Structure formats: structure tokens, C-alpha cells
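First chain A sits with chain B, and in the next complex the same chain sits with chain C.
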Partner chain A sequence: MTRAFAWIAFALGAIYFFLPLIGTVEFSLRMLRGQYSFEAYRRVLADPRFLDTLGYSVAMAVATIVFGVLLVVPTAFWVRLKMPRIRPLIEFITLLPLVIPAIVIVFGYIRLFNTSSILPLTGSAMGTNVLLMFGYATLALPYMYRAVDTGLRAIDVRTLTEAAQSLGAGWVTILARLILPNVLVAVLSGAFLTFAIVIGEFTMAALLNRPAFGPYMQLLGANRAYEPAALAVIAFAITWACMGLMQLVTRFQKHTRAQR
Partner chain B sequence: MTAIAESPAPRVRAARRPSLVWLGVVPFLAFAFLFLLWPTLYIVVAAFRTPQGDWTLANVLGLFQKSILDAYWISIRISLASAALGCLIGLLVAWAVVLGGLPAWLRGPVMTFSGVASNFAGVPLAFAFLATLGRVGLVTILLRDWFGINIYAMGFNILSFWGLTLVYLFFQIPLMILIITPALDGLKREWREAAAILGASGAQYWRLVALPILFPSLLGCFALLFANSFGAVATAFALTGSSLSIVPILLFAQIRGDVLNDPHLGYALAFGMIVVTALANGLYVWLRLRAERWLK
Partner chain C sequence: MPFLEIARLEKSFGALRVVRDFNLAIEKGEFVSLLGPSGCGKTTVLRMVAGFEAPDSGTIRIDGQDVLGLRPNQRSIGMVFQAYALFPNLTVAQNVGFGLKVKGTGRAEMDARVDEMLRLIGLPDLGQRYPFQLSGGQQQRVALARALAPKPQVLLLDEPLSALDAKVRVSLRNEIRAIQRDLGITTLFVTHDQEEALSMSDRVVVMNGGLAEQVGDPHEIYNRPATRFVAQFVGTLNVLEAEVTDPAAGRVRLAGQEIALGRPLPPGRASLALRPEVVSLGPAPGRDLRLAGRIAEVHFLGSVIRMRVAVGSDHVSLDAFNRPDAPPPAVGEAVELSVSPRDLLVLEG
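After this line comes the complex of A and B, so read on.
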């Protein structure tokens, strides 16, 4: 009885989630009348703006990940080691991006960092790129911090640090060669999630007028019929790859742990 | 890395003056202040200012006009509906996978898929639903050709309240599955057995034991899902352009081109969004504190 009900719940869920995916794939193949073809994909891939915007978003994602790791790992480490009392405050801050809508944050950026302000980041293309990267780092903060903090919980930070210090290691050495390798799996899973978020992000990139993949998809969607479905399939594949890699590194860690 | 690259100094001095330890978190706090707190505060303050810089309530009072109130109301309704349904269905699916006796190997794929789907929001999600439930979408056509049901003739529209809610559920349900599963794992088998020994039926166990224990988590999920859909811009924008006037879309159009003809009304609009999500989360914190006190 319970099991039958469980199967029904599962089946309904599966139908809801697979129908749109099947529908999208089917629609993306329908471009030529009367037959299935990859014409929509061919057109998407032939569009130079596709590769340009995707390349831009990949570069932004990588920059965001590097910056996020450099910001979050030392902070989470330091808070655990020296300032456990302010952990609630730090955690509260990292959770704020889940509460404050991204559109509000970027609205603040536009007004705060415009050309007539003290920090005129939106004045140049490079400055806007940096600002967008900071914005993405903000969006990724809840996931990144949570992942790294969970990773740190699994190791004995204090003992490891003291052991390294008694062997003469400085802080840079401790972080780069001791802490980072130990939380690498956590960092990687945070990184793949960040990648998945950044690659399709629309609001911030559109409002800061950067040539990212999200606004490009939106523009194509407003003007074409079949290409957007092909883009959706591609975007889904990218998200899937990120999550797959995330699972893979996590499994890899479990494997190495079991061997010990 | 800069945080610690600079921190030999605090370490050396820490022996004598431990108060300098806080230097290690300065980069993080500086970042959070500059790119998270200050921009938000700026919007909040600007919502109470005139263009000349005087304090005023006119901007916030300006929100109380029919078109803007309607936008808030439909946004709140969509967020409530998609959060409530997302919680309910997500809980059911998570329960089915974790406790319902489905084969254990299903769990991994379901979790992975939830991770993918909860991040598959935004523009491509809108495309997927247009290709499925749009006027020439697969399901629309199949229903028409196979069953003779024309959902558009029956009044369904993907660009409507229920249409948007249906689309939002695609990322709300998986998010719920992801965050409620640890809580379901936390339900001990012994509790269920103890309840059964005392003569409780399955329904009684859920009503009197499991749900009260899960209550704080469920509330937290609800608040998170609510904020998640309330702030979502991309999906709705790609789906409807600016034809469905929900608050994030209105704000988006306002930032781009001042459609309200009053820049400071835009600040008030953004301030209103913060108030709504903050209220939802504040309510959650308050209820959770009550629930925890009661659980002890």
C-alpha cells in the first residue's frame, strides 16, 4: 500500500519532469518541415555570437570561481580556527543573497558604482566585467561558503594547523598545501555549482549590459522559434555536466576515504 | 588568499594583542559590505529620499496605486502557490524515495537529477516549457491530436498565473527534494517503531510524530522557496517578455528604461521586494524559534 503510493508519487514526478525535456528535444528537431533534423543546432552553432557569449560566460564563471575560492577558503578557515564566535554572523551574511533578490543587488550596483561615484566601475567594459564577477561571487556565496565550511568540519583544523606551524609553515603554505587539498572536494563541488549558476545567469548580465550567454539566449528566444529549444537542450546538457562532475568528485572522495 | 597572505603580521602580534585576530576576516567583510550590504542599503535609503535628497515617504506611498499593488499581489500569489505546491510535492517525492520503499538505487539518480533541475532555471527553462506547453508545443499537440483536448481553447495559457506557477515548480520541487531529504534521513526508525508499538497507525505517526519534528525544516524550505520564486526574473521575462506584470519584471523594466517615470519609485519597488522576502524569512525564524522551544 505504502509502496504503491510511493511509486505513484514517483511516477507523477517523473512525468512532470521528463515531459518538458522530451518536448524540448522533439521541438528542437522539428525545424525542417515534415522531418526531424539537427538544423536548429546547426544554426545555433553557426552563429558566431553563440560561441562569443558562451566563451564570455565561461570566462566569467572561471573568474568567479577563482575569486570565490580565494575569498571563502581563508575566511572559513580563519573563522573556524580563531574566531568561532563570529561564525553565526558570517553565516548570516553568506545566506543574505538567498533573501535579497539578485535584481535588487544589481540595481544597487548600477546606482552605486556609476561613472559619477567614488568607485566608477561601470565606466569601462573591464570595470563592469569585474563588477559582474563580484555580483556572481555574491550569488554563489551561500553555496560556496556552505560547501567549504562543511569540508572544514570534516578535518581537524586546529591540530593540522598547529602541526604545520610547529614544522615551520607560514599561513600561505598552510592554506595552499594543507587546507586547500583537504577541502578540495568541497571546493570543487561548490565550483561546479557556481559554474552552473553563472553560465546561464540573465538578470545581472542583462542589466549591466554585458554580452553574456543568458541575455543572448533571451534575445534569441524573443526572435526565433526553433533555435531556443536547441539552446535549452544545450544549456541543460551543460548543467547536467556540472552536476555530474560534482557527483563524480564527491564519489571519488568517498572512494579514497574507504581505502584508508 | 590575500586575507592570509597579509596575516603573518596579525599572527606575530596575536601573541601580545589578540584583538588583531579580526584582521583575518576583513577582506570578507569588506567584500560583503561593498557588494552586498551597501548596495542593498543604498536602495533602501533611496526609497525614502526625494531626488533633491530630502527624507520622504512619498515614494513608498506611491507603491499604493492599483497597477503596482496588482503586480505585488500576483507576484506574492505565484510565489505562495509555487512554494506551497513545491513543498508538498517535493516532500512527497522525497518521502517516496527515502522512506517509501522504492529501490535504493533510485535515490542517487533522483538526487542528481534534482541538483540539475533546481539549477535549470532562467531562460532555458522558459524555452523548454514553451516547446512543451506553448501553442505548438509537444504536449499541447498530442493532447489535441490524441485526446481531442485543446487546452488553449479551455482557457489554459502558459503566460498566466497557473502557467507561470507550473513552470516555477520545475525548479521549486527539486530544490525542496534536495533540502528536505537530510531532514527525512534524520527521522529515526526507532520513533516509528515506538509509535507502532504504542498502537499508532501510519497516519497518526505522521501527524503526531514525524510532521511536528519536520515542522521547522518544512517552514524553512517554504520560506526559501518563496524567496526563490519571488526574486526570479529570467524565467518570467523569457516566457512573457514584459506582458505579465509581476514585480521583478516591473522592476527590470524600470531599471532599464524608467517605465514608471519616477526613478525613486523604482527604489521603493525594490525596497518592497526586500520587505516581502525579509518578512517571509523573519516569519520563518520566529516560527522556528517557537517550534524549537516547543520541541524541547
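After this line comes the complex of A and C, so read on.
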């Protein structure tokens, strides 16, 4: 009986997840009247703005991930090692982006970093890119911090650090050679979530007027019928490809493979 | 001049004073154990030597140099932890070579030293394995090799045998001691296991409540405990209450008999201690003091029979070797114990 309920729950979940996807795929193939074709995909891929915006967003995602890792890994490590008492406070701070809408954050940025401020980041394209990257890092903070913190919980941070220190290692060596490799799976999980957030993010990119993939998808969705469905399927495929890549990387790590 | 010198060390965590006026001087190549119950401050002392905790006051000198201003990675110490603390992402060889790599040692020299260390711990063929592929005893051997590879000035061992099963613990403690003797490295060992401390050490520091209650060689610690705590913590002890009849001459009345202890005593009552091995069941030559009692418990342990005998309001434990031709006494049986007065220890403190 319990087994039957489990299968019914699984089937309902699968239908809920796959049905819209199948519908989108099916719709994206019907651009040419009376036949299935990849015409919508061809048009999307032929559009130079597709590659431009996707390339921009991928670059932003990579930059955000690098910045996020550099910010979060040492912070989570230090909090766990030296200041465990303030962990609840740090967790609360990292949760704030979930309750503060992106539009509020970006308006705050614009007000703080506009051309008449001390740090006029919005005055140049590069400055705005940096600002957008900070914004993305803020949005991804709850996921990245939790992923890294969970990874750190799985290892004895204090003893490993002390062992390394007793062998003469400094903080940079400890972080780069011991902590980061041992939380790499967790970091990759956070990186994947960051990637997914950045690729689909609309509000910040649109309000900072940057040529990102999110605003492009919105623009296409407002003006075309079949191409947005094809674009959604492509974005979905990219996201899943990233997840597969992450799995591959973790599989090639001998010590983590054995621990699973 | 001592090689490792700890003087007037004090450490508090909040209102709790965990180390109080701790002094210790260790000669080069000496193996010294800090022995005491949980919370006595022994690990805190070790961590202060390692640099992981900063003392509130006092000094720590290694080879004449004050190391309190140095960070842990500048102190030239090797440390072995209770939980092994091998780096899970590195192979055994990489773990052993970690300290050498950090020091910038050349590849050839590093490989040779790693091989030498792996041979020293008896695991020459396991260099390419990961820590999770080793048993607990093997992991701790690797941890020892890793700590020794960079040739530290002082080796610190923080209860390295506690996580191992009994058999491995005994064999590994002998190996550690043999390696330490071979290399002649000054070693500070923390343990709560008296057998480990007594069997491995040149000297033992018995700690209680942050204080060093006694420092001495294992024979002295066991046979001439300086305080009641040391006597009771190290080994099994029988405590008998006696009445002091002549304080100046050191005469007491015990179980209705007058005994001369040969040293002045404070008037009133005295607590006398006896190790189980100095008590005989039945008459024994040279053991003139006789105590009548009744068997309260008998534990047959194979080669040894452990008994508890009720003597008045006190209980006396004693061990007797098993004899196939003589079965152990029954519970409730009246027996006579014999003891030599010179084996009685007067407990102070």
C-alpha cells in the first residue's frame, strides 16, 4: 500500500515536472505549419544577440562564481574556525537576499554607486558590469554560503587546520591546498546554483541596462511566439549540461568518489 | 639548560582557570607525559606549546628561544592528533611530504625523506593510498610520519592512541616510543591513560585542576605519590583509615594493631594507602601486619584473580595469581591478609 502511494506520488511529481517541459519542446518544434522542425532553434541560434547575451551572461556567471568562492569559502572557514558564535548572524545576513527583492537591491546600488557618488561605478560599462557581478553574488549568497558551510561541516576544519599549521602551512596554503579541495563538491553545487541564477536573472541586468541573457529572453518572449519556447529549451539544456559537468568533475576526484 | 622550558604558565577560559602556575623543564630527547583526568588542563598546556592557544601569562622556550611571539607554523613543532587529522584529499605520500613541500624542499630530497618516513613506520608500499583506505592504526602511523618528516624540534602527541582498539594501542605505543628513542626527538605526550604514561615516559607530570601535582619518573610516581590525588589517580589503591597514636614517632593504630610508620604525622586520623600487589592472601614472609576480613567479591580474570575483602568498615582489593590446584576463595569466606608496614603510604593533600 505504502509502495503504491510512493509510486503515485512519484508519478504525480514526474508529470508536474515533465509535462510543461514536453509541452514547451513540442510547441517549439511547430514553427512551420503542419510539420515538426527545428526552425525556431535555427532562428534563435542565427540571431547574433543570442550568442552575445549568452556569452555575456556566461562570463558574468563565471566572474560571479569566482568572486563568490573567494568571498564565501574564506568567510565560512573563518567563521567555523574562529567565530562559531556569530554563525547564526552570518546565516541571517546570507539569507537577506531571499527576503529583499532584487529590485530593491539594484535601486540601492544605483543610488549608492551612481555617477555623482564617491564610487561612480555606473559611470562606465566596466564599472556597471562589476556592480552587476556584485549584485549577482549577493543574489547567489544564500545558496553559495549554505553549500560551502555544509561542505565544511563534513570535515574536521579545526583539526585539519591545526595539523597543517603545525607542519608550517600559512592561511593561503591551508585554504588553497586543504580546505578548498575538500569542499570542492559543495563549492561546485553552489557554483551551479549561481550559474543558474545568473543565466536567468532579469531584474538587475535590465535595470542596470546590461546586455544579459535574461533581458534578451524577455524581449524575445514579448515579440515572438515559437522562438521563446526554443530559447527556454536551450537555456534548460545549458543548465542541465552544467549539472552533468559538475557531476563529472566530482566523479574524477578520487578521494570524494571513495567517500560516497 | 632544558630544551623545552615552560614557566609560570597561566590560562583561563572566561572565569575558569584551566592552567595554574604550570612549570616544566624537558631535556633534549626526553619523553614526558602529561597525565590527568578530562578537564585537568593537560591538552591546553600542549596546545599552548603548539601555539594554538595563547597563555594569559608565563613563558615557553624551545632551545632557548621564547616562542610565544611565534605563530604555530613558525614554531618547528610536529603534532599528532587524536583524530589522526590526515588530509583526506592527499595520498599517504603527499600527506607525509606536506610539511616538506610547505618548507620548499626540493623534489628529490622530499621523495627520499617521504620514503624514509614510510619505511620508519613500516608502511613503505602504501604511499599511493588515500587515508580512507587505511586502518586506524595505519592512519596514526602516517600522522606520526607526517609530523616527523620536516624534522621538528619538538614532537607533541595529543592522545594519539585514544581512538584505537586495545591491541593496536599497545603495539603502536611501543612503536612510537621506539621511533622517539631512535630519532632522539624531545616529546610531550598527553594522555589520560596511566598505563600509557607509565610505560612510555621518561617522566610523567600528573595534572589536576590545572596544576602539576607531581613530576617524576614512572617508578617514583607510582611508588611515592606526592599527593592523595596522584596516589588515587595512578594505579589502583586501597585506602585505610588509621588513628594516630604518637604523632612525633609516627605510630598509628590500624585494625587493632600498633604500627610504626617511621615519620612524623599530624595528630588525629591518617589515611593510609596500599597498592593491591603488596597485599597477600594468608601469611607471607616479611609481611607482619595482619588484617582479618571477609571476601566480598571475587573476579576470575584468567591468569589473575582479583578480590575485594571487607576489613572492618574499609575494603581492600588484592590480586593473586591463578593456581590450577587452588580454587579461588568463596564470597563470604573469612580470610587473613598480610601486609608489610613499610608498604603503607601516608596520603596527604
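As a convention for this text, the second predicted complex is superposed on the first by the 226 of 260 C-alpha atoms of A that agree within 3 Å, B and C clash if a C-alpha of one lies under 4 Å from a C-alpha of the other, contacts with A are read in each partner's own complex, and residues count from 1 in each chain.
As a convention for this text, a residue touches a chain if its C-beta (ideal position, glycine included) is under 8 Å from a C-beta of that chain, and two chains touch if they have at least 3 such contacts.
Computed from a predicted structure; not experimentally measured.
*Asks:* Quick check on the superposed pair: does A:198 touch chain B, chain C, both, or neither? Answer first, second, both or neither.
*Replies:* Once the two structures are laid over each other on A, A:198 reaches no partner at all.
*Asks:* Classify the contacts of A:79 with the two partner chains as first (chain B alone), second (chain C alone), both, or neither.
*Replies:* After superposition on chain A, A:79 lies in contact with chain B alone.
*Asks:* Let me test your reading of the model: by the given contact rule, A:7 touches which partner, first (chain B), second (chain C), both or neither?
*Replies:* first
*Asks:* Hey, is it chain B or chain C that touches more of chain A?
*Replies:* B
*Asks:* With the two complexes superposed on chain A, say which partner A:178 touches: chain B (first), chain C (second), both, or neither.
*Replies:* Second partner only.
*Asks:* Let me test your reading of the model: by the given contact rule, A:44 touches which partner, first (chain B), second (chain C), both or neither?
*Replies:* neither
*Asks:* Classify the contacts of A:61 with the two partner chains as first (chain B alone), second (chain C alone), both, or neither.
*Replies:* Touch partners of A:61: none, neither chain B nor chain C.
*Asks:* Quick check for you: in the superposed arrangement, does A:212 touch first (chain B), second (chain C), both or neither?
*Replies:* Neither partner.
*Asks:* Considering only touches as defined above, state whether A:170 meets chain B (first), chain C (second), both or neither.
*Replies:* Both chain B and chain C are touched by A:170.
*Asks:* State whether A:160 touches chain B only (first), chain C only (second), both chains, or neither.
*Replies:* In the superposed model, A:160 contacts chain C only, not chain B.
*Asks:* Once the two structures are superposed, pull the chain A residues common to the chain B and chain C interfaces.
*Replies:* In chain A, residues 170 are touched by chain B and also by chain C.
*Asks:* Using the touch definition up top, name the residues of chain C that touch chain A in the complex.
*Replies:* Residue positions touching the partner: 50-52, 71-75, 77-79, 81, 83, 85-89, 98-99, 102-103, 130, 132-133, 143, 146-147, 150, 156.
*Asks:* Quick check on the complex: what are the chain A residues that touch chain B?
*Replies:* Its residues touching chain B are 2-3, 5-7, 9-10, 13, 16-17, 19-24, 26-28, 70-75, 77-79, 82-83, 86, 90, 93, 96-112, 134-135, 137-138, 141, 170-172, 174-176, 193, 196-197, 200-203, 206-207, 214, 217-218, 221-222, 228-229, 231-232, 235-236, 239-240, 242-244, 246-247.
*Asks:* Which of the residues in chain B come into contact with chain A in the complex?
*Replies:* The contact residues of chain B facing chain A are 1-5, 7-8, 11, 21-22, 24-25, 27-29, 31-32, 34-40, 42-43, 46, 89, 92-93, 95-97, 100-102, 106, 108, 112-113, 115-117, 119-133, 137-139, 169-170, 173-174, 202, 224, 227-228, 230-231, 233-234, 237-238, 241, 248, 251-252, 255-256, 266, 270, 273-274, 277-278, 281.
*Asks:* Per the contact definition, I'd like the list of chain A residues that touch chain C in the complex.
*Replies:* Interface residues on the chain A side: 155-156, 159-160, 162-170, 173, 178, 181-182, 253-255, 258-259.
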